[in-house]
Structure formats: structure tokens, C-alpha cells
Amino acid sequence: MFRIGMLTSGGDCQALNAAMRGVVKGLCSKRNDVEIYGFQDGYKGLIYSNFEMLTAKDFSGILTMGGTILGTSRQPFKLMRVPGPDGIDKVEAMKHTYHKLNLNCLVVLGGNGTHKTANLLREEGLNVITLPKTIDNDLWGTDMTFGFQSAVDIATEAIDRIHTTATSHSRVFIVEVMGHKVGWVTLHAGIAGGADIILLPEIPYDVDNVVRAIKSRTEAGKHFTIIAVAEGAITKEDAALPKKKLKEKQEKKGYPSVAYELAEKIQNRMDQEVRITVPGHTQRGGSPCPYDRVLATRLGAAAADLILKEDYGYMVGIKNGNIRKVPLGEVAGKLKMVDPKADIIKEAKIVGISFGDE
Amino acid sequence: MFRIGMLTSGGDCQALNAAMRGVVKGLCSKRNDVEIYGFQDGYKGLIYSNFEMLTAKDFSGILTMGGTILGTSRQPFKLMRVPGPDGIDKVEAMKHTYHKLNLNCLVVLGGNGTHKTANLLREEGLNVITLPKTIDNDLWGTDMTFGFQSAVDIATEAIDRIHTTATSHSRVFIVEVMGHKVGWVTLHAGIAGGADIILLPEIPYDVDNVVRAIKSRTEAGKHFTIIAVAEGAITKEDAALPKKKLKEKQEKKGYPSVAYELAEKIQNRMDQEVRITVPGHTQRGGSPCPYDRVLATRLGAAAADLILKEDYGYMVGIKNGNIRKVPLGEVAGKLKMVDPKADIIKEAKIVGISFGDE
Amino acid sequence: MFRIGMLTSGGDCQALNAAMRGVVKGLCSKRNDVEIYGFQDGYKGLIYSNFEMLTAKDFSGILTMGGTILGTSRQPFKLMRVPGPDGIDKVEAMKHTYHKLNLNCLVVLGGNGTHKTANLLREEGLNVITLPKTIDNDLWGTDMTFGFQSAVDIATEAIDRIHTTATSHSRVFIVEVMGHKVGWVTLHAGIAGGADIILLPEIPYDVDNVVRAIKSRTEAGKHFTIIAVAEGAITKEDAALPKKKLKEKQEKKGYPSVAYELAEKIQNRMDQEVRITVPGHTQRGGSPCPYDRVLATRLGAAAADLILKEDYGYMVGIKNGNIRKVPLGEVAGKLKMVDPKADIIKEAKIVGISFGDE
Amino acid sequence: MFRIGMLTSGGDCQALNAAMRGVVKGLCSKRNDVEIYGFQDGYKGLIYSNFEMLTAKDFSGILTMGGTILGTSRQPFKLMRVPGPDGIDKVEAMKHTYHKLNLNCLVVLGGNGTHKTANLLREEGLNVITLPKTIDNDLWGTDMTFGFQSAVDIATEAIDRIHTTATSHSRVFIVEVMGHKVGWVTLHAGIAGGADIILLPEIPYDVDNVVRAIKSRTEAGKHFTIIAVAEGAITKEDAALPKKKLKEKQEKKGYPSVAYELAEKIQNRMDQEVRITVPGHTQRGGSPCPYDRVLATRLGAAAADLILKEDYGYMVGIKNGNIRKVPLGEVAGKLKMVDPKADIIKEAKIVGISFGDE
């Protein structure tokens, strides 16, 4: 018997099911003694030994389904070593489940936090293979994560729809885009949606520059402006604060989210109606786009290939169009951010997009 | 010469361009002496005599375009008789523009407020034909307004996407749907999206009933609940307040919108993670759905027919599948609301949807 | 025990699952002794007693799923009384299965052919309730069938996409739209997609008129023409033939479908590049549109209501926005066609659409 | 004055307008003396000096529009040196127009044939910059062409819709995907749509292998099979023929397209209903997907950058995520095909997809 544990952890995103289907199809087309243990709700299922025995059939027909058939939950890495209210040592519990079930390998699909824990389990001696799942595209070691392009599509669609409203009225529209601490989704959706101003965590902005950009559009006869702002965008002023001070400041202000603060600041500086749109969790939902399905299928197939070779301890990523394995120890704890000097930023500026930095 | 003035007023919505295309195509295929005066930004253009001379060509290829090529603005009816800061008597100014241009007819596309002013202009002796435009579907005298089905499609898509996220995590999700003071969009999108609880202005709800419905789902083994709440939804308690008191109360509370208040109330009553999604203005944007394009084209064509017959003073609506003319005097000032006793509500309850009223 | 048999028959379409979900949710929310027997692949499952016992859970989460979880097949009515190669009397076999399982009622979802058989079973003494399923919208007794609006959406999308290509090149494009012997989908998708010429079975056309319409567009400076042709469209000449002669003629010609014949005829008459697009079965596939989901849910709920009242022998339809029951004997064997004199045709002509009839 | 000629040539595709917008925005944000000469219908406009003077405003708001605002036509390279029926030497005529208008540079958007002519014009001394436009993704020198991902999205959507029909009935479905002589779109859409069999020009197939794959699915309890076949797919037998013989053979057979031939062959070998879907030109139409909009905008911006530096003679492509210039002499006349040994083929086989080659 070849026993594979599988779990999806962290925020859900598109193509999780597609990726798991890829792994299982890959395993079952080569061996007929595969047993799949699907842990429920991420690491929680591994800790508390909640699982279902699944067969290839359970992974059939799920290529286009959003969400994850295993369920997911957030289990912060920093609490992994801390016993919960039930007194359970989570790491030991996970190891115990793994060994009790006599697993050959644990397949983990997740983002940044997930990878820290996956690497910890690897260090504890478990055989682990991971797949890079997140709409944020902030995982180190891979050019692309699945979920990202689907989120870009949805955020772009929101900007498109706002565009028709914006051109009919004379207004400033702010669309707040997901992406956690990085600006990948905002950058791509902003360019794709024809946003006039794009604000990213990686390029701290100055509200005065934003106002200047709006005014210069008005002077050019354009009566509306669309701003794509990343949920993690930050002003130059705030970026200069020590982390702790910044957190205190943000909590004191109590805006529902960054777009509301930005809207208020713009309205304080100019006589202009400002409207806010926050697509929110819709950006992680729905059927994965074809790009993500191909990516997830390829990564899943490559993961199956590694597992069949019993070559463990890697995240399966993509680099320059080719799938490659990246040692988990190299991935964990790193963040892949937008480089403010990247060509795509330069090109965006060439077509007149302002990043609020000058 | 046959001179037609045209304007779009109020919030923008889908199929405004489709409807205007219908009118203009209808007119120009029958007469070759038609002149179109497109007033900019709604009644404002009529007041200040801002217009463009347009030809049939300007209305070609706009069937699928969102927004309005004429621009729009909100000009509250109650301020129509009140001179603006520039001292201008708006009604007189509109009449002046109309007569100065020697218009045969004014075509007005708009919602409730717009129709009050349109009827006023009719009473003042102008030839007026109107088309029922609003995502809210709250216009009296027509079964359906264009924009409505497109808004339902977008709100449903938002609920669909939330569904995949909701099934992956164990949460309560609130999706706030547009619709002003009525619940049409929420009702239809809620049913179409498979919402478990639907809260409408027309059926005041009790938070305890909402909480009960969530708990009964949990007991039935369903770990998530989706609530579609209309932006105008109201609790039984608030519905009992005098209007003035209610307004004071709402201003004091200061939630960004109704979903935030509902979320807080649920969280105060049960230990359950609640997430909010507000698709907002995206619901009025983008390309009209095929249903709305057919409706708008039909209404536009029928308007052209009336204009060619010089039969003025009507809104062109649809009743039981057939286009019909409704005297403007009958339309203005009335609101078409969801009937709490309608079959569709009964049917929704049959499939287990809670309206929070029992 | 309350035993319900259920089957879907004929070509598949969108919202079959949504409708069944409505029925089952409606039944199970009122009674807790319901047993669902899902027959596989339509009447075939009833004939050969192939079924699965299903629970409410099997119908959960299928609201947005295309296709049918029961499978379907075409079982021509005219062969129902004819024993198959296995010598089985199909009607007796169906009755036998029904009585053997001690069913209280059989719920049948299908189109025209399906309804003939359903009515036959009713005449044979079975309790039958049906739901009107077909993209063709050709069922007598209901204003609307589910599947129709979804098919319109897909066909319209095809025309939209052809539009951008057509405007870039100078060509005639023919889009062939499904609809069997009637023109409902073509008519609505044609108007919604901005087709210049619409050819329907109900309005026989003359190719010379089609060519004339193309030329008059060219003269007006429009370099492309889009024709939406129903798969069942027919020329005046062919419409005048006796049915048998017509069939012989069509078989002799051997075009893959009607669009190919039309293209050839146009090219024979003018020097114009003609391109063909046949979206085909895609028009019956994919997730149902929100309109169809609401319709199917309402019809399903109303069916459940009738079943709970043990009021059998009806198709559940919709008339002027309200659900109503229609005796099966009135429905079977009739076709609902587009009325060439309907307002929608008149309005389409007002905006300049040619039907090739004049 | 800085005079830029611009034209789009060959089959239209998505994001042509987005790319031109990128170029023009890039030029006009840096210089205020730019004049744009838009040639109509590709090289034809350059030959016959048909052009419009365009301004930055003409390229505003076209980011999301399908097609090309300049129009396009196919002007085969092999006929460039051959005088037309009007006796005109096309190459000289193009040079004449270029010099007469005193152009600084000619910007050409097109695919393979277009690039041969563009390179010819470069050799004749014109300043040329090109952008890689084609849904086929077969241009040498760039990882990706714009139009490709949009076409993949549409073809995938078609397969998705067929999927729901296929699972409801028991059938073989063939979806014929565009791509000219290469298999890029089919490969990606096939994987994304979950096709069971993918047939590409680059991997000649054997019908017996295809039939074997279908049967092995049936044996595994799967009652339907979806085949994605490239319009240029070829059997091993035909691939072995000399080109001339092959052409003769294909003309003799006279199938409307490759899917029809494949269907017949399968039906000759097994008792199985086979249905065909040919999305056709819809694959080049409609609004570009966000991926293509970002790519086209980036390429357009980089083209503007080169033009401003007066660094001519290149196609602007993308390699490993970065924009780069490729000498036109290297690009012209080469075809980028799918490598049968590429990782993506291997991965597709791992998940069980058959390419009919073994």
C-alpha cells in the first residue's frame, strides 16, 4: 500500500481542487495500491486525526470547482509550538497522526504560513511535498501560484464594471484589491482594468501625489479617475513608522479597510465625489480560470511524479515556464514582493499610470 | 426637421445605450429628417443647454456598452423648484432650452426621481416620452425595468463566488445587494445564488430569527450560511419607528452600510465568524445581459413608434410580455415593491429560505 | 413513506439540477418520510428499473451545476408502443417499475417528446407531475421553459464575439442557433447580439431578400453583416413543399447544417466572403443563468407543493409571472411557436432587423 | 513632428486595440508632437494610401474592446512581389506611401505572414517595429503572443459547456480548436477543460489509439469522452505523405473540417454516438482576457520606448517574463511549435490524457 495524506490550508482559493485532482490522477494512473487520506480543514484535520479515505473517483470532475473538497482553516505557524486550550502539542499530534496512519507522504497545498509549518514537519522527519496555492502570488521559489490569475480576472472584471459607471458620472472610484502584504493582484488587475492610479504595498505613496494625478486628468479633460489600491498599500509616512507604532496608529483609526481611509484623505484635499468598491472574498471564489487550471494540473502531475520517485521535501513550483522542485527549507519564511524597479512597473508608468510615488 | 432631445438621468445602469440605440434606429429607419440633441449629464444638460448634435452613427455599435454615452447625474426632484446657488429657476430653464431648440419631443431615460421631473415637464406642456431604467426594478407601471436582470446576474455571481469560499471554511457570509428602498435584486439574486437567508426592506426581519436559521443549519450539518441582505433591509424594531427617529438612529450608529450592522448583531449573539461582501457599484456596470438588451431594444423601438405617431406623455413599459404605454401622471411618485405575499416569496420559503420574519 | 420517482428525459439543458433541487428541498422541508428514486437516463431507467435511492443531500449544492445528475436519453414517443429489440413492452415495463416500487408520484423533467410520454403514463393511471425543460422554449402551456434564457445568453455571447471579428474584417457572418423547429432562441439572441438579419422557422425567408438586406447595409457604409439563423429556418420555397418532398430534398443536399446551405446561396448571388459559426451543443451546457435558476427553483417548489397536496396530472408552468398548473392532457403534442405577428417581431423590424420575408 | 504609421494585419484577435493603446499612450506621454497615421485594413491601407489621422483620444477607452479599430485583412506574403490585377507593385507602393507621408516609423501588429512582410519592408529601408499578435502563439522569438490566452479561455469555456452535456448523455464529443498549423491553443484549452484526448499537429495520431483510449475509459466506468482536436491535427499516416499528396487527399475528402473526418473514423470503428462542436471564429472575438491586456499593454509600452529611442527593426516579445526586442530578421519565416517532448506534454500524460500517439 502507498498511503498519501493530503490537506489544504490557509485561505481558500481557485484551483485547489484542480491541483489535488492532478496529484491523484498522476498517482493512480501509475500505481493501483494508492490510498488517499484527506484531512479535513487543513492542519486541524492532521492534528485531530479527522480524515476521510478518498478514492480517485472523489477527485474526478472537480477540475473546474472552486473551493476545496477537503475544507481549510488557518492555523497560524506561530501558534504551532504553543499548546491550544485543549493542552495538545500540535506538532507532536500531527506527527502522531502521520505515523499512526503509516503514511508514505503528506501533500500540503497552501501559502506562506502553510509552508512554514510544512517545512517544520519536514524537519521533524515527515515526507512532505507542497504545492503553491495563493491568490497573492507571494510565495518565494515560484514565478506563479495558482489562484493568482483567477483573482486578477475577478478584480479586473470589477474595475471594468466600475469603468462604465465612472465614465457616466464624474467621479473618483477606488477599487480595493486583495493581496495581503504584496501588490501582485492589484498591479496586474490595475493594468488590465485600465486603472489610472495603482497603489501597492511595495511602493509607498503620497496622497498629494494621488491628488495631483487626479487633477492632471481633470485638466486633460478626463472627468473620472479609477484607483486600484492594494489592501496592504501604505503611505510613505506610515512606511517610515516602526511596525509597532504603525499597528497602533491603524487600530486607532478604525477604517473598515484601506480604501475608506484613502477616500477620506482625497475628499479632504479636493472637492470630488469618491466611491469605494471592495470586491473582497469574491476574489478567491468561483471556478478557476483556464490559466490556473493548466498551472495547477501541471504542478499536481509533477508532484505525483516526485512522490512516485519518493523524492520528498520540496515545493513544486514553476520557473520560466518549466516545473521545478524547490527545497522546502529555501521557501519557508520568505516573501516574494513586487520589485519597484521591475520592467512591468516601468512599462506601466510609460502608459501613464501613477503609483503615487512621484 | 424632426427634433428629438434625449437624456439619461439618475444612477447609471446597464442597457441605457441599448435603449437609446433602439429609439434612434427606430426613428431614423422611418424618417430621414431626424435631428438628435443629446443633453449631457441628465437634466443638468437640459437646464444649462449643454448638448451635442448626434447622428444615427453615434448610436451604432453601442448595444453592448455599459454606462451611457450621454453621461448622467442626479438632480433631485425636490430641488427642481428651488433655485440653485446660481439663482437659476431650473424648470423654466429646461422649458427654455426645449423651446429654443424647437424640439418635437424629449426622450428621458431614468428611474423614480427622473420620472417625477419628467411628469412635471409634461405638465408644463413639453412632449415627453420616457423609458424605465433602473437596476432596482421599482418603477410603477412596468413589470420590468432594464438594468435589473444585469444587476441580478452580477449579484448572483458574487454569491456564487462566496459560495465556494463559504463551503471551504465554516463561516457566515453576508452579501449586501443594491436595490435602494426595495428588495427585487436581492430577492432574485438570493434565490439564484442559493442564499440561505434573504433580508428585504419589504419584509422586516428579527435578528433572533436570523440567528435561529443559522443555528438550525448548523444542527442539520451545514457548516456555513449565506445571507443576501438588501441595502435597504430593515429590522422589525426599526420598521416600527417614525421615519425621523429612524434616520437619527441610523446616523448615530454610523455603520458603512447595513451588512456591517447585521454582522455585528449576529456576532453579538453567537460565536461565529462573519464575513461581509459588498459588490456595490459593480452591480450597475458592465455590458447589459441579453435579457436587458432585448428588453431595452423593444422599449426603445416602441418609444420610436409612439414618437413617430406624435403620441406623447407616456412611459413605455412592459406588462405580461407585451410593450404598453403608461400615462406619466400614473407613474410618477409611485414605488413598485416586492409583495410579501407574492407567490415567489411563498416558493422561496418552500425550498427552505428564511426571510428572518418568523 | 412517501415515495417519489424522478427522471430527466430528452436533450439535456441548464437548470435541470436546479429544478430537481427545488422539488426535493420543497418535499423534504415539509415531510421527513420522503424517499427519492432517481431513474437513470430518462425513461430508460424507468423501463429497465435502473435507479438510485437518493437523499436530500444528493440534491444539495447542485443549483449551479449544468447537466443532470440523473443522466438523460432520448426515448422517442412514437417508439413507446413498439417493443424494442429485446421484446419488452416499454409502457407496461414503466408501469411495472412504478407499481413495484410503490411510488406515490413520478416527477418528469423534459420537453415536447417527454410530455407526450408523461401524458400517456398519466392516462395509464400513474400519478405524474412534470416540469418544462428545454432550451427551445417550445412547450405549450408555459410562457417560459428553463434552459431557454441560458441558451440565449450563450448564443448571444457567440454573436458578440463574432461582432468584433466582423467589424475588423469586411464579411458576412452566419451564426446558426439551436431551437429545433422553433425560433425562440434565435429571435432573442439575434436581437440581443445585434444581428442584422434573423431567420426563423416561423417566418420563411427568401435568399434574394437576404442578399438585398446585405447590399443595403453595404450601401449605407456598413461593411459587415451578421445573420442569426435558426437551425430550423426554412426558405419560402421549401416551406411550400409537402413534408415528404422537403425531407427528400434536404437529404439529397447533404449540408452539415442549415448555415452551410445559406452561405452557399449567398455566395452564389454576390461576391462576398461568408463565414459560418455553429455554437452547437455548447448552447445547452454550462451553469444555468440566474434567470433560469430562479425559474427552475420556483417551478420545483410549486411542484413540491402540488405533490404534497397529492394533486397530480399537471405540468407546472409560468404565465404572466405566476406559477400555474396545466393539465398534462392539454400540453402534450402541442408546439408553442413564435407568432410572426407578435409585437417583438414588429419591434425588431422597427430597429431595422430583416427577417428575409420582404 | 514625429510621424508614426500603424496597421494591424492578418486574422483579427483580442488585445489588438489594447496593444495600440499602449504604443500611443507611451508615445504621447513623452512627446507632444506625435502624429498617428492609422492605415486601414492592414497592408492594404499602406499600399493604397488609405489612412486616417488619429489622436491619443482615439486610442482612449479601447483597452477592453475586441477586434481592431483600424480594420485588418490578409495580404499573403507570397503575393507581395506579384503585381495585383490593378498592376500595382505592392512593395513599391508601400514604400511610396511611407516616404510620401514622411513617416518616422511604421508599427505593425500581426502574426507570421505579417512578420515576413514587415521584415521585407525593413530590408527595403523602412523603420519598422512589430508586435506579436495571434491566437495561435506560433511566433518565433516570443514566449507568448497576445490573443492566445483569450482564445484558450473561449475554447476552454466551450469544452466546459460540452462537459455538462457529455456527462448527462453517454457520448463522444469532439471539440475542434483553432490554432492554424500548431497546437498551442488546443493543448492548453484541452488540459484546462479536462479533455480526455488531445490531438495536435505536432504529435500525429493514430485513430486506433484514439478508439483504444475511448474504450479504456468505458471499461473504467466513464461513459463519455471529450476529444480536443486542433484544426491542424494530422494522422500518422497523413503525416508520412509528401505535402502535395496530402493536399490532394484532403481536397478529395471534402470534410468541412478535421473534426468531421475524425468523427466518421471513430464511428466506423465503434458503436458510439459522436457529436462535434466547432467554436470557430468566436475564439478570436470578444474582449481580451486580463492576461492579454497586461501583455499587450506591456508590449505596446516597450514598443513606444524603442520608437522614442529610434531603435528600429525589432519585434517586441516577451521571454521569461521580461520584455525584449528581437531582430525582425530572426523572427520572419519561423514557426514556434509545441515540442512533443516538452514537460507540459509529459505532465498531461501523467494525468492520463492521451495524445493518440501510443
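Note that the chains are named A, B, C and D in the order they appear, and that numbering of residues resets to 1 at the start of each chain.
Just so we're on the same page, a residue touches a chain if its C-beta (ideal position, glycine included) is under 8 Å from a C-beta of that chain, and two chains touch if they have at least 3 such contacts.
Which protein is which chain? UniProt says A, B, C, D = ATP-dependent 6-phosphofructokinase.
Every value quoted in this text rests on a predicted model; they were computed, and no experiment measured them.
J.: Copy of C-D's interface among A-D, A-B or B-C, judged by over half the contact pairs being the same?
T.: A-B
J.: Just the number, please: Cα centre separation of chain A and chain B in whole Å.
T.: 35
J.: Report the inter-centroid distance (CA atoms only) between chain B and chain D in whole Å.
T.: Spacing between the chain centres: roughly 42 Å.
J.: With chain centres taken as the means of their Cα atoms, state the distance from chain A to chain D in Å.
T.: Taking the mean C-alpha position of each chain, the two centres sit 31 Å apart.
J.: Give me the residues of chain B that touch two or more other chains.
T.: 160, 163, 167
J.: Touch graph of the chains shown: is it line, ring, star, complete or other?
T.: It is a ring, because the chains touch in a row that closes back on itself.
J.: Would you mind giving me the full set of chain pairs in touch?
T.: Touching chain pairs, listed by label, come out as A-B, A-D, B-C, C-D.
J.: If you look only at chain A, which of its residues touch chain D in the complex?
T.: 21-22, 25-26, 29-30, 61, 63-64, 143, 149, 152-153, 156, 160, 163, 167, 188-189, 191-194, 289-291, 293-294, 297-298, 300-302, 304-305, 320-323, 343-344, 347-348, 350-352
J.: Across the complex, what residues on chain A touch chain B?
T.: It is residues 8, 12, 14, 16, 41, 65-68, 71-73, 154, 157-158, 160-165, 167-170, 173, 256, 260, 275-286 of chain A that touch chain B.
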